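Got a structure here, written out as structure tokens. Questions coming.
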Amino acid sequence: MTMSELIVNGGLPVGSLQKACIELWRSAGYKIVVEERSFFPTIDDPELDLILLRPQEIPRYVAEGKLDFGITGYDCIVECECENRVTEMAELIFSKVSRKPTRWVLAVPVDSPIQVSTDLEGKSIDTEFVTMTRRWLDRQGIQADVRFSWGATEVKPGRFCDAIVEATETGGSLKRNGLRVVAEVLRSTPRFIANPVAFADPRKREKMEDIVLMLKGVLDAEGKVFLEMNVAEKNLPAVLELLPALQVPTISSLVRAEGYAVKSIVDETVVRTIIPKLKRAGARDIVESPITKLIP
Amino acid sequence: MTMSELIVNGGLPVGSLQKACIELWRSAGYKIVVEERSFFPTIDDPELDLILLRPQEIPRYVAEGKLDFGITGYDCIVECECENRVTEMAELIFSKVSRKPTRWVLAVPVDSPIQVSTDLEGKSIDTEFVTMTRRWLDRQGIQADVRFSWGATEVKPGRFCDAIVEATETGGSLKRNGLRVVAEVLRSTPRFIANPVAFADPRKREKMEDIVLMLKGVLDAEGKVFLEMNVAEKNLPAVLELLPALQVPTISSLVRAEGYAVKSIVDETVVRTIIPKLKRAGARDIVESPITKLIP
Amino acid sequence: MTMSELIVNGGLPVGSLQKACIELWRSAGYKIVVEERSFFPTIDDPELDLILLRPQEIPRYVAEGKLDFGITGYDCIVECECENRVTEMAELIFSKVSRKPTRWVLAVPVDSPIQVSTDLEGKSIDTEFVTMTRRWLDRQGIQADVRFSWGATEVKPGRFCDAIVEATETGGSLKRNGLRVVAEVLRSTPRFIANPVAFADPRKREKMEDIVLMLKGVLDAEGKVFLEMNVAEKNLPAVLELLPALQVPTISSLVRAEGYAVKSIVDETVVRTIIPKLKRAGARDIVESPITKLIP
Amino acid sequence: MTMSELIVNGGLPVGSLQKACIELWRSAGYKIVVEERSFFPTIDDPELDLILLRPQEIPRYVAEGKLDFGITGYDCIVECECENRVTEMAELIFSKVSRKPTRWVLAVPVDSPIQVSTDLEGKSIDTEFVTMTRRWLDRQGIQADVRFSWGATEVKPGRFCDAIVEATETGGSLKRNGLRVVAEVLRSTPRFIANPVAFADPRKREKMEDIVLMLKGVLDAEGKVFLEMNVAEKNLPAVLELLPALQVPTISSLVRAEGYAVKSIVDETVVRTIIPKLKRAGARDIVESPITKLIP
Amino acid sequence: MTMSELIVNGGLPVGSLQKACIELWRSAGYKIVVEERSFFPTIDDPELDLILLRPQEIPRYVAEGKLDFGITGYDCIVECECENRVTEMAELIFSKVSRKPTRWVLAVPVDSPIQVSTDLEGKSIDTEFVTMTRRWLDRQGIQADVRFSWGATEVKPGRFCDAIVEATETGGSLKRNGLRVVAEVLRSTPRFIANPVAFADPRKREKMEDIVLMLKGVLDAEGKVFLEMNVAEKNLPAVLELLPALQVPTISSLVRAEGYAVKSIVDETVVRTIIPKLKRAGARDIVESPITKLIP
Amino acid sequence: MTMSELIVNGGLPVGSLQKACIELWRSAGYKIVVEERSFFPTIDDPELDLILLRPQEIPRYVAEGKLDFGITGYDCIVECECENRVTEMAELIFSKVSRKPTRWVLAVPVDSPIQVSTDLEGKSIDTEFVTMTRRWLDRQGIQADVRFSWGATEVKPGRFCDAIVEATETGGSLKRNGLRVVAEVLRSTPRFIANPVAFADPRKREKMEDIVLMLKGVLDAEGKVFLEMNVAEKNLPAVLELLPALQVPTISSLVRAEGYAVKSIVDETVVRTIIPKLKRAGARDIVESPITKLIP
């Protein structure tokens, strides 16, 4: 009896996350091609069937089983009320876009009388994420008129509505439009979610776990580098103490030379502070070189 | 007693129509500047206060009087159910984008059993224009499940819904996604709409009529050219018969030469057929030159 | 009895002349579109069937009747030995590319012993236009070894051959490669050629003549402008004498003002010398404005 | 006896004015080409010999007779103390760059104690135009330490000097650097200047006057358009009253139609206010068309 | 007695292969610069004298000894009938362009009666590679009229000839032009070829072998990566079994830690399947890093 | 008692060196951002306060203590006469721009009578670096008229002055302007300079030394690569002899295999000559991989 062919359906987000997401799959070792104006990426894995969809719609389709897995934002999962209907397999911090999570904030004109969230009682709020906003108000027992905004939401407070709930990264757009943040409604990061039935199927689960392992392997390697150096025996303890605990350093004895070759993975942001210290501690021939994947 | 200062508020559409719309105002003689990431165009007319908004939201704000006038699509007016709540002052065919109206069509997979609109009974329809779609179904007495689509709608039929209602210009995107048109739901062109109260105010009305006059003057001149030629008296009737009835040609007698100078406005698309005929009819020194505005 | 449908086949050149040629048709009033990687332009005239071909091959296909007309260089007509097998309807000087004809020259290294064409006896000559070169040598009774060059011909003299025959516009490429011109082999300009049988068919001939009229109307207008001015009666003879004889100026009497309005077509290159003289001769309110077609 | 050949030397400014200046000569009818990295423009007038130079150095070279004429800013003339050593033939307002003159202002940090120019006594001032600044201080009897700045001058006040004298167009750069304007030192526009000896030579003078006539003809046409319309006899006075006094309108009687053809030059910025009025006054078939040169 | 100076002449292909070829030399460690419009690359090796030539002409010049070596396609070698007149030193698969060889196919219109190659008897065939096509027909005893095509060959079948022989990579251009492949005429890849006399000269041969070693070292490294990991002694056999046999993995004992550091070269395309298996087999701290050259 | 907060002020050069300099800091591990039109880079090190300034002004501000350190050219240090007023901490050869130092040369027209520097007596010299030029003339006891040039200096010799002192890299601009080099005035490279008082402060000095260590670590790694290979015991001496003495190679014994893994840092320019020799000496599986920092 032959085994049935495995096909796993996945949804990837179009829009702001799309480029970084496709790039991530590519770095993970997949040859994935999205032809212009097509929503069906081709991938060199016959067991995968991918589609590009708006992130707002991915949680619903994963929950309904129309997709086995999806990559989307936590905000979209909340907006679709799907937190308990999908299995979250991983949080994916796409540092190439921004390491910071997306913040959804409630904002008003700088000179608005609204100071705290309870001041919103009876007010009008425009937002692209109506359900998420209503759920947040409900939790606080506030009654307000939440209306769907098609976009350019940050222009409206004061003239077209009382407040808005809007995503922000740096706050720059809010400031340019003369708005003040009253409260944070939600922090969101991208997630890898699975349909619970697909997750319970051992073959689909292993397939999805392998994908997650590779995607995370790429993300974990971002901003990390190899640091190699030669260290005389007497200096080894001091050098090892300086190396961060990310990973156990690889130490090999040298042939035809005193001492050891020490090799470690270091976060790029600490390299500039650690190298001067390593040198003072006796490390020699310190070399930094790039890495592309890291699986702990 | 001094007259109160006149301020007229207007909403221009962001998105696909934005660039052509701003360009149109510029050709009409306004110095209008939209700084990057700003929604408030600056214009060299102190009586105008402009804002950029999603076209889907402009009809509602014009109807509510938050804007005195707006430029938006007829489809958006229908989606907002504002046909009777705004005053339509002009239809603006932006030929620089496309002379063809936008068509909203109901589409299904090529191999779908749905052949006519009545086959939609009980089916699921995804669309960005939920209200417009429901009104169209209601007029035909059809009950269907209309759901809001966040975008990439043409990918969904078959796998995520039964049918979609989607805007199309050339039909290319439908064909690429394997879809077939079942019915046309609406044809839409850009409109200049006014709030009825503002329209009833003589000063605001004159202001808006002057704007419409200039905008249409530019659009009417697009694709038209001047044609000038010298014609001997005996050839004049034959030449005049060939000239199109767009405008009465300007005929002046020539000094120190026999005959007349004839000047006319001609549609650019007929120039190549009319010129050989004019030459055969005896016109000489035929010159084509450009025009930029035409007010009949 | 209905008249049979007229279809006229035409070949346009791909390559260096392509863009200017398509642009010329557009200026002449045709909506012509060449989609990327397609060789079949679409045109808004159902009687025309166009194809893009290498200019080297167009004369042969016109001569054989596979095309009714073609636009190609005179050099290609000579290379195909088709001078007597096609009907030349017009010379088209594409000034947007260069008003200068293409010159095919025989060139040798600056330090070559070859000084005049008779020195070529028994030498090797590389060229892309083998037939044209052989015909030129034959006319002078010179025997030489002419070989086909696939390109980069100007690199070869000295090391890979004795001389080359190559097209040049400014001579810059020859100079950069250390070459010296020994003789001019041919001067070439673009031509509109017709198949003799098609030219003998009255309907095809009128169709082709109308096209030529429009194409030449555009080329004749290039570099020409309108010049209008007001002139008092006493100054009229002096002013008229200054105006070039390109076209009889249009003179109209003015109403409510002394004198005449004079309007003329002037070559752009003489405007800067003529305007100061016109002003001294008494012309006032001299205005220059653009023209786009000129049919004498 | 043959007449000696006429050669007139001219200096054009490199830098911010260069592109607009070359463009102006081109519009005036000169074929002028500046090859990349060359400072010697080629021009199709054998009597002209042009060189590109820094505008700061042009006044000195014109005054010394190394150049017959030059185009440079008034600020540079002042910096070189050449006001009385060169003959100013024209002011050239390059509207394509900006119609506004360059303003040189004295600026200090917003929180500086310096409020008026007399507060500068004994302070340090950094500027690229040291002489101009010293002359301005001298006229007011102020003693201050003026130092040459190599650039990025607006970054220095407060930390590296007390005040600066810097050119500004919109004031944006001053504001971004937290500076406040204390006084205006000079307003500058581009000028066409001649060496007095060259200006006294009749042939050189006529040559330079013709150039100035053409350059000004282009600048005067910028932002102006033709307006043509048909007017019935009874409406003629009302229509003529509306037309601006820039130029006497050209009125011709119409043949085979009542009334007159009226044609006038109008400033583009008033078109949008004048057209509605003309229409109300009875003008019909109003057409706007472009002009490229205007010599009064 | 001093040794004579060594100079080796080489021809590199202009055109589609040029950029990848120059890039390859650069990756191999040569500083090679091709100035715009020059055919003589400068290289930081005084023993090399390079020239850019059409690939179609390189085999002939290598065979004739005008070049010591060349890089060109196998198709060009066949077209020049030089298979036995040059020494092939290496096949170079430029994966940056495409790993697939160029295929020369015989194609006809989809509705042509020609089904197999013997149907070509007496037909007309257009191609840019006339000799190669004739040799292929001869081998099959087919008589056909093979004509040189200057380009745009895929447009001609049906209207201008019966069949074509044309290069294709993806078949996309054939499909767009409504053509069907009847037979494959040749598969071609780039080759490094040497003149037999030069190859017999020990010094030239060593020079050329060193170049080939470096070029192949770059190509062999493309698509390969380092994979390093830590492995406990008990897991070593399982881990080693998973590693591909490309290269013997480097295993070093660790100091101050149990187990081994294992390092191997792995093909990028298998990384995503091998990493999950390695992790399951007990490998820890798996790190992928890039390589740039690989010499076995 | 808390330690006072450390702030170190630094000046980076705007202009030709700016991009490479910012890039260098980034490679050294700093997140440094220069917003458009801002002169204040933001950096993720709260102890650093950076400003962008013209390199000509940096030495003076470092000498005066307005900056603790600066990066500028040696030519600027000389022009400011600051050699003894600043502490040079490092020479930074930015190989990404050019490894060659900037040369300031004295140049004259090719046909000038000036042949040696003493011929300059009494002549006029234009230059942007007036002080440096005068100091050079003084050292040779030459009297000449040195004048400040605002730019385009290479156009002036002959017509506007007798000679110039100008920076050159390749000499191309001099040649294009028909100039000949008479003498070299100065060779200049970028330097990291410190204010002597800041350098004497132990905390500031350590901070600056750490920065220099990282900047040099990046520059030292440019153009260097890792070379790894497996070597059998008997071949080890021959292989080691071939490796350059840049760094002691790291040699580890292999487990489960005969021989050693050898790893070394090699200059990229010698790789192509060393690899063939290593292979002949018995090295196997030679792999080149990139490095990004190298601290000896």
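Just so it is clear, A, B, C, D, E and F label the chains in written order, and each chain counts residues from 1 on its own.
Everything that follows uses one rule, which is that contacts are C-beta pairs under 8 Å (C-beta built on N, C-alpha and C of every residue); 3 or more make two chains touch, one makes a residue touch a chain.
Being a predicted model, the structure only gives us computed values, none of them experimental.
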Worksheet item: Quick one: which chains contact chain D and chain E both?
Response: C, F
Fill in: Chains touching both chain C and chain F
D, E
Worksheet item: Which chain is most remote from chain A in terms of Cα centres?
Response: C
Discussion item. Suppose chain centres are the mean of their C-alpha atoms. Which chain sits farthest from chain E?
Written reply: D
Worksheet item: Since chain D and chain F are copies that touch, is their contact same (over half of the numbers shared) or different (under half)?
Response: same
Worksheet entry | Cα-centroid distance, chain A relative to chain B, in whole angstrom | 42
Worksheet, complete the sentence: Cα centre of chain A to Cα centre of chain D, whole Å, reads 54
Worksheet, complete the sentence: Whole-Å distance, C-alpha centre of chain B to that of chain F, is 60
Worksheet item: Going by the touch rule set out above, which residues of chain D reach two or more other chains?
Response: 252-253, 289-290
Worksheet, complete the sentence: Chain pairs that touch, by label, are A-B, A-E, A-F, B-C, B-D, C-D, C-E, D-F, E-F
Fill in: Complex interface listing, chain F residues touching chain E
225, 228, 230, 252-257, 261, 268-269, 271-273, 275-276, 279, 284-290
Response to the item:
So, in the complex, the side of chain B touching chain D is made of residues 28-31, 44, 209-210, 213-214, 217, 221, 226, 247-248, 250-253, 260, 263, 265, 289-296
Worksheet item: Which positions of chain C touch chain E when the two form their complex?
Response: 14, 37-40, 51-54, 56-57, 61, 66, 149-152, 155, 159-160, 173, 176-177
